[in-house]
Structures are given as C-alpha cells and as structure tokens.
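Each of the next two complexes has chain A plus one more chain, namely chain B in the first and chain C in the second.
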Partner chain A sequence: MNGQYASLLVALPLISAFFVPLIKGLGGRAIKYYLTLITALQAGVAAWVFKTVYTTGKPIIVMAGGWRPPVGIDLYIGHFAALFVLIVALVSFFMAIFSFDSVSTEPTDKYAMLFLLLMLGATGMIATGDIFNLFVFMEITSITAYALTAYNKTGEAAEAAMKYIVLGGIGSSFFLIGITLIYGSTGTLNMAQLAQLAGSINPTVIKVGLSLLVFGLAVEAELFPLNAWAPDAYQAAPHPVTAMFSAFVVKAGLYALARLVYLFSHAAGWDFILKLLVIMATLTVFAAEFSALRQRDVKRMIAYSSISQVGLIALALSVGSQLGVQAGVFHMINHAVVKTLLFLTVGYVGVKVGGTGIENFSGLGRKMPLTAFALTVGALAAVGIPLFNIFWSKVWIIIASIEQGYAWEAGVVLAASVVEAVYYLRLIHTMWFGGWDGMRIRESLPLGTIALFLVLLILAIGVYPNPFWTLAKSAGTDIFNVSRYIANVPLMGVGP
Partner chain B sequence: MSVPHIGLYYFGALSLVLVGIYGVLVKKNLLKILISLSIVETGVNLLLISVGYITGRSAPILSEGIGPKQAVDPIPQALVLTAIVIGVATTAMALSVAITLYEKYGTLNIEEIRRLRG
Partner chain C sequence: MTLVPEAYVVPLTLFSPLVFGVLAWLFDRDWVRETLGVIGAAVPLTVLSLAYEKASSGTISYTIDTGVFKLHFVLNSLSWYFAFIGALVGIAMAFGLSSTSRRGYDWLFSLMSFTGVMGVFLARDFVSLFLFWELMTFGSFMMVLRRNRHESLKYFVLSVIGAYSMLLAIGMVYAKTGTLDYAMASQTLLLLTKMGGVSKAYVDTIFALFLLAFGVKAGVVPLHVWAPGAYGENDQSYTSFFSGVLSKAGVYGFIITLFVMPSLYGIYFAMGTFHGHLTGTYLIAWAGAVTVVVASFLAVLQEDIRKLLAYSSVGQVGYIILALGVFNGVAVGGAMFHVLSHAMFKGLFWLISAALILRTGKTRFEDFGGLAEKMPVTFAMALIAVLSLAGIPPMAGFASKWLIYEGAIQAHMPLVAGTIFLGSALAFAYVVRFLYAVWFGQRPSDLDDVREAPLPLLVGMTVLAIPNIVFGIAPGLAVRLINRFFNTNITVNSYYSISTPTGTYNALSVTLVLIVGLAIAGLVYIYGANARKIKVTNTYQSGNPVTEEYNLVIRRNFYRPLAEALDFWLKYSWDRFYERLANLSEDFADWLREGFYNGNVQSYSWYLAIILLILAIWGVL
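Right after this comes the complex of A and B.
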C-alpha cells in the first residue's frame, strides 16, 4: 500500500470527531461504541504504519496536498513516531473501553468528540515535520485538554482547568515567539531545513529562541516551573482522561522538546540549552517526589509520581548522547505502560468505591483482588524493582549519565527511586493489610482483561527486555541522528 | 509612504507581551488575567507580522501593480491568521470555565478560588 495512507492517522480521528453529533441520536451507549470502534480503527492504521516502518526500515513521509517540503507541510513518521502513534492509539482504545464504566456526566457526545480530538492532537504532535504545524497540533491538544479537565463540571475541575489555561496560554505565546525568532533568522518552518541551516544561525538567536520553545513545550511536557497545573488537572479530570494525559499527552510534549533540541545540535550555543534542560528536569524530579510523599489522595500521589518520572525522562534526554536519548525513549515506553495501568486501576477503584482517598484503598486486596493485584504490580514496577520493566530503563538512564560524566544524575535517579518506594509501599501496605469492611465488589471483565494484559506486558518487558530495548534504540536513534533525518526528507530545491 | 524604523515595531510588540505577562502575574481578578493573556497574544502576533515586513513593500494581496516583488513576506501573515483563530478558541474556552468558576465559588478573585492544593 502507498505510504501516503498514513495521513489517515490524522484524518480519521478528525473526520470521526465531527460525525459524533450524527451518532448522538442513537443514544449514549451508541456514542461509546462508536468511540471504541474509531479508536480500534486508529490502532489498526497505526499498527500497519508501525509494521511498514519497521520492516522497510525507512520512514514514511506524508506530503500534504502532494507538495514537497519545504513548500508543503510534511508528516515525518519515522521509527519513533511509528512506535508512539501506536501507543497513543492503543491507550486511547483501552481508555475508550474504560469510559463505558467511568464517564456518566452528560453530555457524553461532547466527551467523545474531545476524546478523539485529544488523540488527534497528540498523534499530530508526534508525526509532524513542520514547526508551525507542531504549534497548531499542540494547541489542539491543549485546548481539548482544558475542556476535558473541566468536563466534570465541579468547582475543582473548573479551578484546575483555569490554572491549565493560564499556564498553557503563556506557554503557547512563548512558543510562538520562539518560532518567530527562528523563522526570522532562517526563513523556513520545515524541521529538516531548519536542521540544515542550524549551523548558520546567530548563537544568541539560538539561545533565546530555543529557550522560548523549550519553555513553551515545558507546559505540555510538565517540566518544573510550568507544571503547577498538572497535579490539579490529573486529580480533577475524568479517570480515562487522566490516564491519557499521563500516557501520551505529556509524551508528545517531551518528544517535541527532544526533537526540536536535537534538530539544532549543530548550532553554536546548543550546550546552553542542554544545561537549562538538565536543571529543569532535576528540579522537576525533586519537587514532584517530595510533594508525592505528603499526599492523602492516591490519584494525586500517582500524578506527582508521573511528573517525577517525566523529569527522569527529560534528564535522560538532556544528557546529550545517543545512549541517553535511547534510555529516555525506553523510559517513555515503560512509563506509558505503567501509568496507564495505575490510573486505570485507581480510577476504577474511584468509580466503584466512590473516591480515591487513601482510606478508600484500605482492605482493597480482599474487596477487589484483581484490581489490587494489578495496582500492586504497577506500583512495584514504578519503584523500579528488578524483574519489572522500569528497572531496566532506570538502569540504562544511570549507565548513560555515568558514561557522559554526570555521576550526580545517577544519584538523582536512585534518590527518586527511594522516595518512590516509600509512598508506593505505603499504598501497597494499606491495600493488603488495612482494615477490611467485609464487602466484595464484582470486577468488570473487559477492564480486568486490559489490566491483566498490561500486567503481563510489564512482566514481559521486565524479564525479556531485549526486544523492547531494540525498539527503543531504533526510536531513540531516530531522534538523535539528525543527519539521517535531513537525508530522509526530500527537500525541494534546496540541498543535494 | 514613510514608516518608522522596523526596530520600533519589535519594541512595541515586545512591550505588549511584557505588559500582558505583568498583568497575568500581578492581577487578582480572573477576567483581568484573561484580558492580559489576550494582550500577550496580540503582542506575539504583531511581532510575527513585523518579522515578515520588508521596507517599502505593500500587503501580499495579488492585485494590479502588486506582484511578488512588491509584497512583504506572506507566510507570517498566514501564520498570524492561524494564531488569531487559536487565540479566540483559547479565550472562549477560558471564559466558559470562568463562568463555571463564578457559579461554583461566587467570586472571580483568584485568592479565594483555592480548593485544590498540596
């Protein structure tokens, strides 16, 4: 099949989102079946793209309207994008199924529409090859994310959404100023051509422009000074949306950050950006871990844990070596799996027991054994116990940072793991040894299947990390190796 | 037509951005914060337009006497159109959230809207 069909990745959710009002007449359940169907189709397309990219070893370049870049906008679906578009689609599919049980606030048709647009935005951010197109997809993602955060219509939800809007608005303005500066000094918006011209840009413009881009993306990527919205939004949003935020919205931001930073790796003044990122990432890890320690609400605690893991990913990405980027990508995959499982199970407890405070988890091991088991596996994996998946990515992050002479970064990873162990073990202790009120709750079959699938995936990566590490290595090389990126994009009229 | 030096445009646009950021950081009323956000967006749009300006040329609309050689760079103008639409969407979203906030808390003072913390 022609590679141009990969544009369906963006077209399918966009078209289907606007067909939702037609389905509305068939009733609320019909909308949720429709949502599941579309996300399943998207997963099918993404699986086809993944297979094509990994068997041919060549990226798919989709040229919008048949115009060659840099005149036309291109989608660049390389090894990284193919892998993460698949993760986005699969997580959305799982969360569409979870929405049956957990989303009952009307209007569900608006929910389905926003859900599909959020998936579209994250897919677009990962796939695009044009810096302004990236801005547009980022705005689609964040505006739908604001709306979904406020979806529950409680005061808390509106408060969280407002914090997100103000920070997101500032961030997107910074991002646009960054684009302006870089466009003003190169005259192009195409990422491949920007990378070609990177060496000729004035170092001050690179420093200021790229810092502004980094600050703009830091809102989506939840890095330290601009992540104050994240725990509130995670706590207030509907449960499936929280899982989507943690599993791929933040990943799209991190990817865009890494892609832009490494595009300019030949530019003068680039080291400054890496130092900035290292500082932001380290502060993210510490601030989030210590906030997580004192939470009484489990969903909020896992939100902080998610932010600190994101800090570790950013730390790995900012080491500046190929191994570091690969370790960061591996951690991204593991984090997506583990946090989907944790937010799925915690959200399910919230729906069935009626709250996500730590007291609701008391005696969960006997109340909902399957959910408690899945939650325990997820918690142990997040700490980084051997035989679980995150252990391997933390090991690779430590190896990568020591190799580049940043021994203290290895210390940051280890210290974060110790703090994580404290609060996750507290949760596990409450679940299995806390007082039990004698109630048994029947667990739903589809959600149990998804949870068990994710548990098996965690154990599979933990026991046989090599196939997944190979995946992560080729995806990481796709980000790090800029000259190959330039060579893969057929630029019209410029270069060889 | 004589126009001021291009640096003046940059200066004006960036001062709008700074005025807006000051408003977001200092004001206590939610509506004033949202207005400040719009001011930041306007400043950025003006900056983007002035980056594409070429001295002595006219707007990039294909008409009699205006060819590609007589017009300014059209790309920033296309970008600004997109950015304006995005800004409108953000503002509309923010205002609808502000309505919900006022219904639930009975105030728009951000110091009193503080149920989520820690």
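Right after this comes the complex of A and C.
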C-alpha cells in the first residue's frame, strides 16, 4: 500500500467530524456507535501505519499535494509518531466505548464532533513535520479541549474552561510570536530545514524564538508553574475526555516540546533552556505530588498524579541524553496505559456510584470488585512497584538524570514519589478495607474487558518489559537523533 | 545434586514461593490452600539443602534477561547461608500460618515476601537487588495494610524512603561506572576514586544512601519506628518471618556495602579514621550500639507481648549491626552467627506469641499467667527461646553474643562492648518478665480452658527450636559455615569448641557442667532444702505497703520505677517526631495547594508572566 494513505490519519477524523450532523437525526446512541466506528477505523489505519514503519524501519513522509518539503507541508510519521498515533487511536477507541455509559449531557452530536477533533488535533501535533502546521493542530487540540472541558455545563466546568482558555490563549499567542520570529529569520517553517539552519541563525533571534516556543508548549505540556489550569480542567471535563487529556493530549504537547528543543540543539543558549526545563519539570513533580496528598476527590487526586508523572516525563526528555529521551518515551507509553485505566475506572465509579469523592470508594472492593481490582493495579503501577510497568521507566529516568549530573533533581523527584505512595495507598485501603454499604453494582462487560486488557498490559510490561522498551528506544532515538530526522525528509534544494 | 539439576536450583528457590502463593490465593479452600503454601515454602529449603555441596565448594549462577536489564543471581556459600536461614524460618512460618490464617490473601503476600527475600540474598547486581527488595517490602506491607492502615503507612513510607535512597545510590553508582554488577561496579568505583574520577563527597553520598536504605529494613534507631507497629499488627506467624528474616535483608545489605563491594573498603580508608577506628565503620558500630540500648530499654517498658518482642527484635538486630561495624574477623563472624541465632530464636518467639494469641486472644501481660500447665509443649519451646535470647549457654544465642563481645574487646572498643553488656542485662530483664508473667503465677480464670497449640504450629516451633540447641551445643558447625565465605579468625577445634585469638568456648563442657550443676541443685532441692509449698497468692512485699495506684506486679507495670528513672529520656520519642514530621508535610501540602492552585486565574496568569520574565532576562543577558 502506498505510504501516502497515512494521510488518512488526519483526514479520517476531520471528515467524519463534519459528517456528525448528518447522523444526528438517528439519535444519540447512533452518534456514539458512529464515534466508536470511526475511532476503530482510525485505530486500524494507525495499526497499519505502525506496522509499516516498524517493519520497514523507515518513516512515512506524507507530502501534501505532492509538493516536496519545504514547499509543501509534510507529515513525518517516524518511529515515535507511528507508535503514538496508534496509542492516540486506541485510547480514543476505548474512550468512545466508555462514552456510552458516561456521557449523557446533550448535545451528544457536539460531543462527538469535539471528540473526533481532539483526536485529530493530537494526531496532527504528533505527526506533523511543519512548525506552523504544528501550531494549527495545537490550536485545534486546545480549542476542542476548552470546549470539552466546559461540556458538562456546570459552573465549575465553565470556570475551569475559562481558566484553560486564558492560559492556553496566552501560551499559544507567544508560541505564534516565536514561530514568526524564526520564520522571519530563516524563511522556512519546515522542521527538518529549520534543524539544518539552526546553527546559522542569529543567536539572539534563535534564543528568543526558542524560548517563546518552549513557553507556549509548556502550557500545553503542563509544566510548573504554567499548569495551574490542569487540575480544574481534568476534574470538570467528562470522564472519557479526562482520560484523553492525560493519555495523549498532554503527551502531544510534551512531544512537540521535546521535538522542537532537540531540533534546535545546535542553537545558542540551548543548555539554558534544558536547565530551565529540568527545573520546571522537577518542580512540577514536587508541587503536584504534594497537592494531591490531601485531596478528597479521587478524580482530582489522580489528575494531580497525572501532572506529576508528566513532570517526570518532561524531566527525562530534558536531561539531554539519548537514554533520557528513550526513558521519557517509555514512561509516556506506560503513563498512557496507567492513566487511561485509572481515569476509566474512577470515572466509571463516578458514573455508577454518583461521584468521585473518596467516600464513594469506601468498600468498593466488594461493591464493584473488578473495577476496584483494576483501580488497585493502576494505583500500584503509578506508585512504581516492581512487576508493574511504570517501575522500569522510572528506574531508567532516575538513572538517566543522575548520569547527566542531575542527582539532586532525581532526589527531589523520588522524595515526591514517596508522597504519591501515601495517597494511593490510602485509596487502596479505603477501597478494600473501608466500610461497605452492602450494595453490589453490576459492572459493564465492555468496560470490564477494556480494564482487564489494560491491567494485563500493565502486568505484561512489568514482567517482561523488553518488547516495549525496544519500541521506546527506537521511538526515543527518533526524537533525539536529529541528523537522521533531517536525512529522512526529502528536502527540495531551496534555501533561505 | 543429581536430584535437582543445577540450572533449576536458583529459579526453584526464587520463584516457587511466589508461584505457590498465587496458587494458594486462587484455590482458596481449607487444606488446599495450606498444602499449597507449605509446599511453596518447602521447595526452597529442600533445593537449598540438596545444593549445599555445590554452593559451598563453588557457585551456581543464574541469569534472567528481561531485555531491559540482565538479572544476575548467584548461589555461593554466603548467599546459601542467608538463603538457608531464610528458608528454614520460611517453612516454620508456613506451618504457623496453617494454624493462624484462614485467608488466601495472607498466603499470597507472605510467600511473595519470601520470594523477595530469597531474591535479595541471591542477587548479584543492583537491579535484581532493588526489584526483589521492593517485592519483599510490598508483600510484607500488604500483610500489615489488611490489619492496620496507620501502621502500614508508617512502614511503607519509611520503606519507600529507604528504597528510593537505594535507587538513588544505584543510579549514582551506575552513572559513574556504567555497570550494575556488584563486583564490577565496586572495582570501577575504587579505580575511579584512586584516579580522582569521583569526588570523595560523591562516594560518601552513595555510602550514606545505602546505609539509609538498609538501615530502615534492619530497624536501626532512629529508623526503627515502623517496626513495633508492623511486627505487632500482623499475623504473628508471618511476623516470625518478617522479624526473623526480612530484617536480615537489611543486615545483608550492610554486608553487601561492607564486604561484597570490597572497594568500598578502600573508601572507608578514604573517609579517614577516628581515634584509631575507621570512621565509616565506627559510625555503623555506634548506630548498632544506640539501637541496642534504646530498643532494649523500650522493650523492657512494654506492657504488650507483641510490642516487647518487636522492640527486642530491633535491639537484637542492633547487635548484628554493631558487630559488623566493629569490623574485625571475630566480630563479623559473631554477626553472621547472630544472624542465624536471632532468626531462630526470634522466629520461635513470634510463633509462640502466635500460639498464645490464637489460643487466648490476649496480647497484654496483665491478661496472662500460669499457662505452663495448659500449654506444656509451647512452654518448653518458650524456655528454649528465652534462654537463647538471654544468651545463656548452651543455646545458640550465647555463642553468637560471646563472639561479638570478644570481637568488640579485641577491636579496643570498650564503650561499644559495654553497650552489649547493658543490652544483655536488659534482655534478661524483659525475657524474665515474658517467662514469668505468661507461664507462671496465678492464672486468670478465663484462661482455664486454654488448650495446647495446634499441631502445625508446634511443628513450626520445633523446626526453629532444634537449631537453637544444635548450634548452641555445636557452635563449630555454624562457624565452619561462616568461615567458608569470610575469614573470621575463629578456629574451629571441634564441633563443640571454637577459639578466638583471645579465648576458647567449649560448648560441650559448659553444657555438661551446667547439667551436672542443675542435677546437684535439683538433688539439693528435693532432698536437702528446707522447702515448703506455698500458694501463689501468698505473696509478700518486703515491708512495702501496696496501694492500688502503685501496684507493681510482674504482670503489670513491673518496670515502672525504671520508666520513672528514665523519665527525662522518654520525653523524647522518635515516634512522635515522625508523626509531627508527617503532619507538617501534610500541612505543607495544603499550604502549597491552596497557595499555588488557588483557583484564581489572575494569579495563574502571573505565573506565566514570571516565566516569561525569566526567559526575557535570560534573553537580554
């Protein structure tokens, strides 16, 4: 099959989103079936892309309109993008199924459209090879994210969305200024060409430009102190959307951050940016873990935990070594699996029991045994117990950061992880040994299957991490090895 | 060796407890569960016994390739010694659990920690060590979690702090040496220190982090606060393993840092000396000494049988740490010996307390009394345990303590030796109380229909009681084992007699003298003494009037005068210190959350402005 079919990854959700109004007449359930179908198709395409990229070992370069970059916009689906596009599609598929149970607020057709656009935006951010295109996809992602945050139509949701809009808006404006500066100085927006030219740009321009790009992306990537919108948004958004935020929306931001930072690794003042990112990442972990400690709402608690894990990923990505990037990518995979599971189960409890406050989790082990079991596995994995997946990536992140001379940062991160253990264990204790009101709740079969699948995945990676570590290594190299990235993109010979 | 092919020795030892634990959890029926559990615990013991020849003359290696890391395990005479002790206590625990537990949950997690401990003992690289260390901690933590959330959290937080220190130390070692293998890492590290590739502070930090990590598990004061709760609030049969073996994993960690990574040896010299002693090890010796004294005093003051045993366990492990810190052949040999004897007598003690709690449902001394008639076999076991702990020949506890004492004297550490002496006296004080308050004296009427402990528990006790006597009468056996992996400077004259450079202990002659002495005393008692039989209620007060407020009987407040004398010191408590620290960090968490995530979008925008400002300033400069 021609590699250009990979453009379906972007085209499919976009076109399908526009078809939603046509399906609307068939009723709310039909829309959800439609959503499931499209996400399943997307997963199929993504699986094909993944297989192609990993069997041939070569990235797929999709050239819009047949124009070679830098004249045409290209999609660069390398080892990282292929892997993460698949994760985006799979998580979306699971969450589409979860939407049957958890989303009842009208208008569901709008929900479906936004859902597809969110998936599209994240896919695009991961796949694009053009910096302005990246901005466009980032805007698609964040604007749909604002809308989805407010979707529940409660006061808190509106407030959370408002905060998100203000902060996200500031971030993306500065991002745009950064792009303008760089474009003005190089005359190109293609990432590969930018990387080629990075060494020869005026040092002040590149310094300012890069720092503005990093600043804009750091808001999306939830780095301290630019992540203040996140807990509110995570809590207010519909449960499936929260899972998507945590599993891939933030990852798309992180990826873009890492990609741009490494593209400009020859730029003047690069070390400073890395140092700043390391500090921000460390503080992210620290502040988020402590904020979660006395949280009475489990969904919000897990939101904080998600932010802290994101900080850990950011730390790994910004220590500036190949091992670090690989460990960060590995952690991204693991975190996507674990947080999908956690938000799925917590959201399901919220739907069935009627709230995500800690009191609703009391005696859950007997009320909803399967859900409680899945939640327990997810929680233990998040704490980083061996034989669960996160353990391995955490170990590598710690080693990678110490190797680069960030021993203090590693220490702070580990100290904060102690706090994480405390609040997750409190949750586990409440679920299994807390008082039980005698009620049993029937658990849904499809969601149970998804949860079990994720549990098995966590344990499989935990017991035998090799295949996934190999994946993460090649995906990480894809980000770190810029010269290969440049070589892979068939640039037309046009200079500035 | 022919029975179990060499390639299977290590995997069987490592994984059979875990596998059978999972099976016991899945097939959660009476008898099935117990049978599976006991088999799971019996396999390592059997395999290790069969592998003795091979392990003592050579090594058996085993590697698991996870792709991410290679996990490397070696069974040699050192790891065999520890693993065998662990397996012995493990089988006793399994017998105990058959009587005291009716839950698949308990079997799963106790056997999981069994696997963890075996992995810690056999590991030859840091990742395997850490992996199994965490597995062990997790299993034991889940045992406490079921019973007491607060205590389990205390245990877990301290363990996690320890584990993460270890991880940090491992990372620091790996960052400089690029290897995770003990031997390779230590050689490279030594080379680097000599060439100046790593700074002294860097190595000191690694050293300190390792000691923190292992100190938590070994329960070194002030990291011991988890121990009384975690040991007490648990299934007591499991505690025999928890206190008997898991604490030894901490000790084993000290041994790794001190001896298996011999290059650190060179590093101790780099740390300098203090009054003629190497600073690094001298610190360890004093940490052990403080542990002995503090924990023994606290043990004396306890009113709850489980708390007493828990503090006593902390104190006894303190002896081992102390001896390792004394750092000469005899003392280290004594430490290794004490690992064996402490595992045996403390395991036995906990099984006895399991039997007492199972049969009476009581834990406080004031509720016990006169049980010797009701539970004669358990009483006999208790007698062995008490004699061994108090260090009375011919029990194993005497031989090991004697070696430690000799070692400390030889190393010219009189103060440290003094603490051993003080600790022994205190140990005597608290075991006497255990002996008298539980077994003798008046029996409360509600204990009249107490029966003997169930058979499996008695089997478990016997498994642990026999080594106490055997290694007591034949200390040469144990020393011979220890000499295989460590040059202790202790000569084995025969099974019964061992010599250090300064003295000889002939256990057999001591035993004979003791028996003869007892026989004479018995004869005198029966025929010669002017004995009259009195009732237990017929007590006297040496002229002191007894009031209700100040009523000191052996079963209640017996050592209250001591508590009053120590009033000043008891005002300071590590437990309270940690509680306060925990509260402080919770308050800090609230403060941080409310201050930072304050819900005000204006302040959030300010955060953006600040970062922008930082970037701008950097751009200008």
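One rule holds in what follows: the second predicted complex is superposed on the first by the 492 of 496 C-alpha atoms of A that agree within 3 Å, B and C clash if a C-alpha of one lies under 4 Å from a C-alpha of the other, contacts with A are read in each partner's own complex, and residues count from 1 in each chain.
By our rule, a contact is a pair of C-beta atoms (placed from the backbone, for glycine too) under 8 Å apart; a residue touches a chain by one contact, two chains touch by 3 or more.
Keep in mind that this is a model prediction, so the values were computed, not measured.
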**Request:** Could you look at A:His429 and tell me whether it touches chain B, chain C, both or neither (first, second, both, neither)?
**Result:** second
**Asked** Of the partners chain B and chain C, which touch A:Tyr183 in the superposed model: first, second, both, neither?
**Response** first
**Request:** Go through the superposed model and pick first if A:Pro490 touches only chain B, second if only chain C, both, or neither.
**Result:** neither
**Request:** Using the superposition on chain A described above, determine whether A:Val219 touches chain B (first), chain C (second), both, or neither.
**Result:** second
**Message:** Just checking: does A:Val166 make contact with chain B only, chain C only, both, or neither of them? Give me first, second, both or neither.
**Reply:** both
**Request:** Classify the contacts of A:Pro465 with the two partner chains as first (chain B alone), second (chain C alone), both, or neither.
**Result:** second
**Message:** Per the contact definition in the header, classify A:Ser291: touching chain B only (first), chain C only (second), both, or neither.
**Reply:** both
**Asked** Of chain B and chain C, which one contacts the greater number of residues in chain A?
**Response** C
**Message:** Quick one: is A:Gln235 in contact with chain B, with chain C, with both, or with neither? Answer first, second, both or neither.
**Reply:** first
**Message:** Let me test your reading of the model: by the given contact rule, A:Pro21 touches which partner, first (chain B), second (chain C), both or neither?
**Reply:** neither
**Message:** Please report the chain A residues shared by its interface with chain B and its interface with chain C.
**Reply:** 159, 162, 166, 170, 231-232, 291, 294-295
**Asked** Once bound in the complex, which stretches of chain C touch chain A?
**Response** 65-68, 127, 130-132, 134-135, 138, 145-146, 149, 152-153, 156-157, 160-161, 164, 167-168, 170-172, 174-175, 205, 585-586, 588-590, 592-593, 596-597, 599, 601, 603-605, 607-608, 610-612, 614-615, 618-619
**Request:** Spell out the residues on chain A that touch chain C in their complex, using ranges where they run on.
**Result:** 159, 162-163, 166-167, 170-171, 174, 204, 207-208, 211-212, 214-215, 218-219, 225-226, 228-229, 231-232, 269, 272, 276, 280, 287, 290-291, 293-295, 385-387, 391-392, 395-396, 398-399, 401-403, 407, 410-411, 414-415, 417-419, 421-422, 425-426, 428-429, 433, 464-467, 469-470
**Prompt:** Residues of chain B touching chain A in their complex?
**Reply:** 17, 20-21, 24, 30, 33, 37, 40-41, 43-44, 47-48, 51, 75-76, 79, 82-83, 86, 89-90, 93-94, 97-98, 100-101, 104-105, 113-116, 118
**Prompt:** In the complex formed with chain B, which residues of chain A make contact?
**Reply:** 132, 136, 139, 143, 146-147, 150, 153-156, 158-162, 165-166, 168-170, 172-173, 176-177, 179-180, 183-184, 189, 231-232, 235-236, 291, 294-295, 300
